[in-house]
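Listed after this line are the structures, all set down as structure tokens.
Look for chain A in each of the two complexes below; its partner is chain B in the first and chain C in the second.
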Partner chain A sequence: MNQPAKDQHLPLQTLVIPSDLAMVSKVEGQILQQIEQHHYSDEAIFAIKLTLEEALTNAIKHGNKCCGDKQVIVRFHVDEEQFVVYIRDEGPGFNPDAVPDPTSPDRLSLPSGRGILLMRAYMDEVAYLDDGRELYIRKWNRP
Partner chain B sequence: MTAPTPNPASPGSSSGVLTLTREQQGDVVVVRVRGMAVAEMAGQLSRALQEAAQLQPKVMAVDLSELGFISSTGLGSIVAAHVSCQKYGTRLFLINPRPMIAEVLRVTRLNNLFKVCATVAEAEQLVAGGAK
Partner chain C sequence: MPDAQPHFTLETKDGICFVEFSDRKILEEIYINEIGDQLGKIIEEHRPINLLLNFRKVEHLSSAALGMLINLQKKIAGQSGRLKLSDINPQIFEVFKITRLNKVFEIHDSAAAAKASFAQA
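Here is the complex of A and B:
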């Protein structure tokens, strides 16, 4: 699994979940509990919850196709300065640059396709690794 | 010792609680969406909004004043309801979203698709006044 050199020193906690949307709130709950303990702002908590929701839903639905025997691996670090998470699925990967812009006028009335936009808008760093199979996210805890 | 009551509308809450209620008064249908519109609840939200749209009122007001969280899936449910309303000639309005929800609408530029009003009465006045 990938871990950028700048993050090699960060201790990561690992959660492994089945491809079941009911698990999303459980992962969020476990991570957000630690976020709240480190006194992140309400806006940052909202942003992290939104990003986890989008990333985990994408991994389960689009990556693993809700396949019962595929898992999602979540590795994360939280401290008073930053939140870092890696979310890996067992799908074939994808090219995030090929995802159309959901804010273009001809796509505004479509019901889906806004998850990546939201993650990029609310997080400080978002990158796809290993041909789109793993998502890396960082959010700094700024006052 | 009594545990504090969790606030389902708190952004930090991991609860997937979503409460939906519907009222109809004449040509106006109000759907109140309370709590957390997470992906797991998207089917419930979609059904409620589509059922309201199928009543084909003149005005459909989706009250977001007690909505604490919405994901892209929840947004998709509202967009789909908007498309249905257009088909029926119904005007859909979003009522009084909290600042963090309004920001999600701005980031996704859905504030260009939906008309946002402070109150249901304001939405009714806009329709009565013939506003586009």
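Here is the complex of A and C:
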């Protein structure tokens, strides 16, 4: 699994979940508990909660196609300075640059396709690794 | 497990269906699909509907919830009804702004202002 060189020193906790959307809130709960313990702002908590919802839902639905024998691996680190998470699915990957802009006039009335836009808006760093099979996110804890 | 509590309250008065969400979070697809189905039935039962969705209690909302709102708006537009939203807190309003859906939906600061606007042409 990938881990950028700048993050090699970060100890990561690992959660492995089945491709079941009911697991999303459980993962969110475990991570947000640690986020709150490190006194992140209300705005940061809102942003991280939204981002985890979008990222985990994408991994389960679009990556693993809700396939029961595929898993999502969540590796994360939380300290008082930053939140880092890697979310890997077992899908075929995708090209994030090929995802159309959901704010373009011809796509504004479509019911889906806004998750990546929101993650990029709220997080400090968002990148797709391994041809789109793994999502990397960083959020700094700023006052 | 899905929450046993109702996801919203409904009050019909003066030709307006006033829906106030009960949940603090409209995040998970399981819940969102339930809400969409329940509101879809209400829309069908009140053709053409004047629907006001009040977000006073809502603190979190996902892109799937936005998708549900877009689908509701299409249904309502198809029957020449009207959909308005109100009492969206600043954090959630930011989500609408980022996605530019604040230009798609008619959003009012308060339920009173939204109700009054139904009376206008």
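Here are some notes:
Note that the second predicted complex is superposed on the first by the 143 of 143 C-alpha atoms of A that agree within 3 Å, B and C clash if a C-alpha of one lies under 4 Å from a C-alpha of the other, contacts with A are read in each partner's own complex, and residues count from 1 in each chain.
As a working rule, a residue touches a chain if its C-beta (ideal position, glycine included) is under 8 Å from a C-beta of that chain, and two chains touch if they have at least 3 such contacts.
Since we're looking at a predicted model, the values are computed, not measured.
Aligning the two structures on chain A places chain B and chain C in clashing positions.
When the two complexes are overlaid on their common chain A, residue A:21 makes contact with chain B and with chain C alike. By the touch criterion defined above, A:134 lies against neither chain B nor chain C after alignment on the C-alpha atoms of chain A. Of the two partner chains placed by the overlay, chain B and chain C both lie in contact with A:117. By the touch criterion stated above, A:89 is placed in contact with neither chain B nor chain C. Between chain B and chain C, B contacts the larger number of chain A residues.
By the document's definition of touching, both partners, chain B and chain C, reach A:53. Across the two superposed structures, the residue set of chain A contacted by chain B and also by chain C is 21-22, 24-25, 43, 46, 49-50, 53-54, 57, 102-103, 108-112, 114-115, 117-118, 121. Remark: chain B residues 11-12, 14-16, 38-40, 69, 71-73, 75-77, 79-80, 82-83, 100, 104, 107-110, 112-113 touch chain A in the complex. Interface of chain A with chain B (complex): residues 21-22, 24-26, 28-30, 32-33, 35-36, 42-43, 45-46, 49-50, 53-54, 57, 102-103, 108-115, 117-118, 121-122.
Those residues of chain A that touch chain C in the shared complex are 21-22, 24-25, 43, 46, 49-50, 53-54, 57, 61, 102-103, 108-112, 114-115, 117-118, 121. Those residues of chain C whose C-beta lies close enough to touch chain A in the complex are 27-30, 59-64, 66-68, 70-71, 74, 91, 95, 98-101, 103-104.
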